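My questions will all concern the structure given below.
Chains here go by letter, A, B and C, matching the order in which they are written, and residues are numbered from 1 within each.
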Amino acid sequence: MENISVETTEHTQFLDITSRVQDAVRSSGVSEGICMVYVPHTTAGITINENADPSVRRDIETVLGALVPWNAGYTHSEGNSAAHVKASLMGFSVQVPVAGGRLALGTWQGIYFCEFDGPRNRRCVIAAMPLPAHA
Amino acid sequence: MENISVETTEHTQFLDITSRVQDAVRSSGVSEGICMVYVPHTTAGITINENADPSVRRDIETVLGALVPWNAGYTHSEGNSAAHVKASLMGFSVQVPVAGGRLALGTWQGIYFCEFDGPRNRRCVIAAMPLPAHA
Amino acid sequence: MENISVETTEHTQFLDITSRVQDAVRSSGVSEGICMVYVPHTTAGITINENADPSVRRDIETVLGALVPWNAGYTHSEGNSAAHVKASLMGFSVQVPVAGGRLALGTWQGIYFCEFDGPRNRRCVIAAMPLPAHA
């Protein structure tokens, strides 16, 4: 199990952490299995999406911002309820197959840390779980 | 693998089950690994979010209720389509790292059973999967 | 770890893949554990929901279509940003307990491949991870 630091630089930001997850998988020595990436925060989440055109991430950020506006008469006094909602909509972990010692992502997939109340110093936990031989 | 009963008392309710999941992890004897909590229903889901100020959960419930209104010309004759949609938006499992025999949640994180068509007697399945030594 | 082909026939479609996942679990020989079903795409996702009345799936498709309209001034030039957003809202994997060599789904649960930009030839990865004996 490995912890990585993630430093976000914007208030809302989808940050590509794919290569850092790949490094952790390599360090784990797991050849075939499942990799979990976990976000231990409540105003940031994690998702998978297109790794080619960065406008896709911006469109996702825009849609989430329209669905869950920052100011909407929330009761939570800290004022960042929208970030909490968006984190639950994206979720707090992704699971990805590992094959041949590498993340078996689809061709166009990358793993994105989803900052919804930054910039902040954040962290992820990466655990690679091996499948038993012949399973 | 352990089953726990969850009795909800409201129509829509985010119920903190963190300590019950922690108890199941302890019973499992798993020291390092991943804990999955699974909801075997279709009008209830599960998420992680802030464990301190209960207004956060109420704000999440309110936003989901605004995005997916109870009455909106749905075709499903049982009348609870909104609950089905909200369950899929939150998801039916969470995965959390286990370290030192305990859930390695972030400081502000709790695990919430999300009732969207209660009150009902519900259930969760908890499975703690150990990482191999040195993995 | 098993790959299955999924051929969708509609632009937006929730396709029941439960029996195919069940077949892969049987082939894996795993008796107690966790099954992950992974979607290696960025405009399709996966979820769990009601297996009885097909109108539930249509209502979910309708709500997602209303929340994330196909045309809404997106910046991504391919024109399918809505599909990317909906895939992230549903997620790219489900995890389901395995007991007695079978998926331990709830009575009303099925597993649905969520096509948001079809029809296309798609694929899923299925990995069944055994719990150690006595865990």
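Note that in this section a contact is a pair of C-beta atoms (placed from the backbone, for glycine too) under 8 Å apart; a residue touches a chain by one contact, two chains touch by 3 or more.
Because the structure is predicted, anything quoted here is derived from the model rather than measured.
Taken as a graph of touching chains, this assembly is complete, with every chain in contact with every other. A rotation of 120 degrees, rounded to a multiple of 5, brings the CA atoms of chain A into register with those of chain B. At the interface between chain B and chain C, two copies of one sequence, fewer than half of the residue numbers in use are shared by both copies.
If you average the CA atoms of chain B and of chain C, the two centres end up 19 Å from each other. For chain C, the set of residues touching two or more other chains reads 67, 89, 91, 95, 129. Within the complex formed with chain C, the residues of chain B that make contact are 1, 28-30, 36, 38-42, 67-68, 72, 74-78, 81-82, 84-85, 87-89, 91-93, 95, 125, 127-130.
Only residues 32-34, 47-50, 53, 55-56, 58-60, 62-64, 67, 89-91, 94-97, 99, 104-109, 129, 131-132, 135 of chain A touch chain C when the two sit together in their complex.
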